[in-house]
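In the part that follows, the structures are each spelled out as structure tokens.
Common to both upcoming complexes is chain A, partnered first by chain B, then by chain C.
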Partner chain A sequence: MKVLEMKGLTKKFGDFIAVDNVTLTVAEGEIFGFLGPNGAGKSTSIHMISGLLRSTFGQINILGKDIVKHRKFAKMNIGIVPQDLAIYEDLTVYENVKFFAGLYGLRGSRLKEQVAEALEFVGLSDKHNSYPINFSGGMKRRLNIACAIAHRPKLLIMDEPTVGIDPQTRNYILDSIKKLNKMGSTIIYTSHYMEEVEEICTRIAIVDHGKVIVEGTKEQLQAVVTDKKDIWIEVKSNKNIRAQEIEKIKGVESIQIDERVIKIHSDMDINNLNQIIQYFLSNEIEIRSVEEKSSNLENVFLTLTGRNLRD
Partner chain B sequence: MRNIIESRIILNKLLLLGYIAFSEIGSKSVQTSVIVLLLLLYFSINMTIPITKWELGKKSLVILSMVFIGVCFVFVDSFFIILLPINLYEYIVYYIRKKWIVLALTLLPVLFVTESDRLIYVLVSVFSFLVFVMEIQAMQRLENYEVQNDRMRIKIQKLQKQLHDNDEYIKQSKYTFQLEERNRLSQDIHDKIGHSMTSALIQMEAAKSLLVKDREKSNELLQNAINISKDGIEKIRVTLKDIKPATQQMGIQRIRLFLDDFTAKQGLQTSLLHKGDVEMISPLQWKVIYENIRESLTNTMKYANASVVSIEIHVLNRMLKVEVKDNGTGSSNMKKGIGISGMEERIASINGTIIVDGSNGFSVTMLFPLP
Partner chain C sequence: MNIVSIAIKEMKTSFRNPTTLFFALGLPVILILALGTIFLDSFKSTITIGDMKVLYMEQPNTPFSKEFQMFMNEASNSKVFFEKAENPEDSKKKVEQNSYDGYVELNKHGIYFYQNDNKTIGGNVIQGMLNTFVDQSNLANSAKVDQLVLMTMDMKDDYIKETTIYSNKQPRAIDYFSVSMTTMMILFGTANAIHLISEERKRNTADRLIVAPITKLEIFLGKIFGSVFINTFYFLVVIVISKYIFNANWGANLGVVIFVLITEVFLATSLGVIIGSITKSAKVANSVIQVVAIVTTIFSGTFYKMEDISGVFYLNPLNWVNEAILDLIYANDFSTATLAIVLNIVVSLLFLLVTITLLHRREGL
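Then we have the complex of A and B:
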């Protein structure tokens, strides 16, 4: 089922085109990543999906319904973790989550139950009577997530949720996104950190200057640029290594023998790592480390646009 | 120019005329009506000079004016002599080019002038002399301009002719190449295919006539004809393949030609680089690439203030990337004009996208999927 559909979505601010004719579909169960540099139009798209901004042209459907015609329906089914924290520092943790869940129409015992569940999920149950004013950035962010998920939205949108956060909380958040996804939420995740997007997203759209350049799985995006990989094997010494023998292994295209590192250029689709290692072992060459270098999304972006994701 | 000079002389004369009128009408020695009549006569003679186109007429009018002044000087009032220098200059200038001699000559009549008018006469002749020097210089400048103008006109004509000849030459050579190509083609067809077909035909006809009498022989001949025909078809295939240039060759070549032309005409340096397997690019894609490169270069010309444009055609694994980038001023806030919209439409027609970036120089990046 299509959880989100964008058709020809465009947003202009005067002469400036922030989002330019974007057409995308997010299916149920996906963790969909928006990857692009700052100013690529990610947040503007998110604001239009969540109804904060009206699109200049185009249409957005949530669960098959137009968000302009079915505002309430759309809002009930979306949860948003905004880029800038949205919590009240003079309310307790519990009150914060209860307030946001209440906005979505939850009442009575159901409200209590789901708020408790959300707090449990982000690991803030024991803090439910504290005021978030003294919280660390990571805790505030977790509280923010709890506010967004208490009403159990079908679609959870997270706009750069790991900006300015310690690595531990970051991992915690990435894990909880995976967990939420397993529990049935469809997730849209925007970031300009390609490592995060590579780690958690099932499908990715690379955006730049308001346009979707490419979309697909991580592997599909890598394949756009090249179908080769490099395997670097660090050895104790390069004696007894014969290039011709290794080149006979299926998929190997070329080989470069340095003093300590053997660089093998090979087809990406063929899994020949075992055979290669087998060659080293049978010739009693001591391996120190093995590293497979396939092109990452940063590289894909660089190749396609000539610019870096982060300036 | 000539008009300005003439009006300068007329102004000079008018000034003197006014001066005479002013000083004579005040004095009671001569009747005012006579003065007015004489002045008007002088005026009419001298106004006829610039109107006359005919050189000799001009000269005689100048002499007439001088004689008239002489008559007035002798019979009416000596004061009329101050009108003389300017007419004198007008006349002498035809014959003597040395300025100082001219001045000396005009100062000569000062000997006949009464003592009281002498100073005025000298002043007037020096003043008129200055006006004339200015006139002569202006005339020389004018002549120079005209000479220069003529030279340039001739040069332009020559260049135009050259250009025209060049165009003609290009057309001619194009036509020659076509003829040569056609010649080669018909030669090839004649040599390789014509002979095979003829011999196949002969064998088939022989087989037909032997069909009843000698079945075996006929069979053999037919087999021969079949072999020859097969061979012929293969030759046709080879010939046609030889003739048809590879698409990528045409595509790159066309862009290269355009860039050479552009560099020559606009003085902007261009470079073209291609990476990867350009044979993957379809003719339709080449068309869009060509048109969009042209559009981008036009934009660069118009807005970028750049000196170098580099073009890169990069065939990636599943995608084709064409980047046109200049080293100009770029722009952080661009409007999407007709040019960019046009490029966008063309790209969209082959399922591609275009990114326009002005952050570091100006770059247009086209991306489209490869089959």
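Then we have the complex of A and C:
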């Protein structure tokens, strides 16, 4: 069953086209990844699905029904985790979730039960009566999620739910998403972290400048760039590395220096590993480890747009 | 039901905000006590004025004639001199022309006191003295009538303005400021109301409210009701404290007084939301409300007693509400209260309608 259909969805802000003729379908049970750099139009699309923004052109169906004609039905079946924290700091954790869940028509013992369950789910059960004002970023993010799931939506849309949090909380959240999915929720997951999307999503759309540039399963997307490889070299210090020098080596297309990991994007068919290692050795840069990786989504994006996902 | 949930949430968040609590409860109570104490003396009628002349006429069988003679003798010590009148019509004319401060008619039912339309200070003093006389006579039962009544008459259309002996007790400082601080505090609630909607936007919770299966109107009404309820609660607390701890006089028509105040809360809330919705930023909204607050307060009898509110001053909501409440307490007069209630409700509904229209047009909250 199609949980969500977008047909020719377009949003203009004046002359600027933020979302450009997007057509996508999300089926029941999927964790659908919406991957794209800043300003790609991810949030704008989500705002149109959730009814926060009116589309300029196009149609959106939720569970087969047009959201304009069946506004209430659509809203009842959607849960939104907004990109920016949306919680009341002067209501307790419990009151926050209860208030929002209550707007979906839940009452009495069912309301209490589902609120408790949502809090349990995000690991805030022992914080019922705390005020979120003193919470860490990670705890606020978890509360932000709880507020969106207590009414048990069929479609849960998460707009970069892991922004600005520690790796531990991030893993916790990713695990929870998988668990929610197993329990029957269809999920749309927005991010510009390709590792996250690779880890949890069953299907992915990569968007840029408001357009879907490619869509498919992880494997399908990777197939787009089978002729490329990644060489990750961990060094003791990246002090003496000059990227331009390495780029001169035959086959090397781009270089990204991530702290002490040098990520070299290269042509698959040219065997240049020896030359690359030679560069490090001759410049007396101590190598800790070398890894050759097959192409990832980062590269898919790079190949298709000529830019990095994150600048 | 959604409206109720939103209203309750609104009340909770307001109640948990120490700043709001201070301005709504702490400040008015402190000001009532402070101003009530500071102005204690200036509110006693010790204004020295020149000699006052009163005409009086006595019907043949007035039972308390002797007592009134004594009263008039005593009054001369306070420079109030009574003169026997020739005929009523002539006397009233003289009062109207301000050659006399008042005209008193005595008969077996009580005392009729005619004073000039533009209530003069002299008229007020005499009225006060007559009041005391009536009170004491009734207390000692010396008037030889069941209940001696003082009636103050308006010259122009001769209708009875104040009819009971309870009327015309002048407010003490504490009484006056209990009223004026309460009405001021309520109007200042506007400052909170401008953020009713923008606060949700600031916290991004506006988005959550909009994506929930409720209408914008429900959100809006919930917030308005919540604000009106919680501010009503605040002023009720101030009334209780001023009435039972400071012994301020809130009069015999407290129910009507409270109703007038509720409509003022309604007015303050809708004034706030309309300012909030037509201004571009919270900063602009704040400046607007500050100007409004300062102007309304300065040109009102909030910090001093205005003797006569008329003309443009009546366009100030603080004045029309204060006047309504003082008339309810001290004159048993419902006409200004009715006018205030109608004004408050009509203006509020107008503001709300404009705000709802604006809100409806915009995407999001």
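As a convention for this text, the second predicted complex is superposed on the first by the 245 of 311 C-alpha atoms of A that agree within 3 Å, B and C clash if a C-alpha of one lies under 4 Å from a C-alpha of the other, contacts with A are read in each partner's own complex, and residues count from 1 in each chain.
Here is the rule we use: contacts are C-beta pairs under 8 Å (C-beta built on N, C-alpha and C of every residue); 3 or more make two chains touch, one makes a residue touch a chain.
Remember, it's a predicted structure, so these values are computed and weren't measured experimentally.
Model built by superposing both complexes on chain A: chain B and chain C fit together without a clash. In the superposition on chain A, A:V224 makes contact with chain B only, not with chain C. In the overlay built on the shared chain, the residue A:P167 is in contact with neither chain B nor chain C. When the two complexes are overlaid on their common chain A, residue A:A86 makes contact with chain C while staying clear of chain B. Set against each other, chain B and chain C differ in how many residues of chain A they touch, and the higher count belongs to C. In the superposition on chain A, contact is made by A:L103 with chain C only, not with chain B.
By the touch criterion defined above, A:K72 lies against chain C but remains apart from chain B after alignment on the C-alpha atoms of chain A. Superposition on chain A places chain B within reach of chain C only down to 24 Å, the least C-alpha distance between them. For chain C in complex with chain A, the residues that touch the partner chain are 2, 5, 9, 12-13, 16-17, 203-205, 207-214, 363-364. Those residues of chain B that touch chain A in the shared complex are 314, 316-319, 321, 323, 325, 333, 335-336, 353-357, 359, 363, 365, 367. Per the touch definition, chain A reaches chain C in the complex via residues 47, 50-54, 71-72, 75-76, 78, 80, 82, 84-91, 95, 99-100, 102-105, 147-148.
Every residue of chain A that touches chain B in the complex is listed here, in rising order: 15-17, 208-209, 211-214, 223-227, 303-307.
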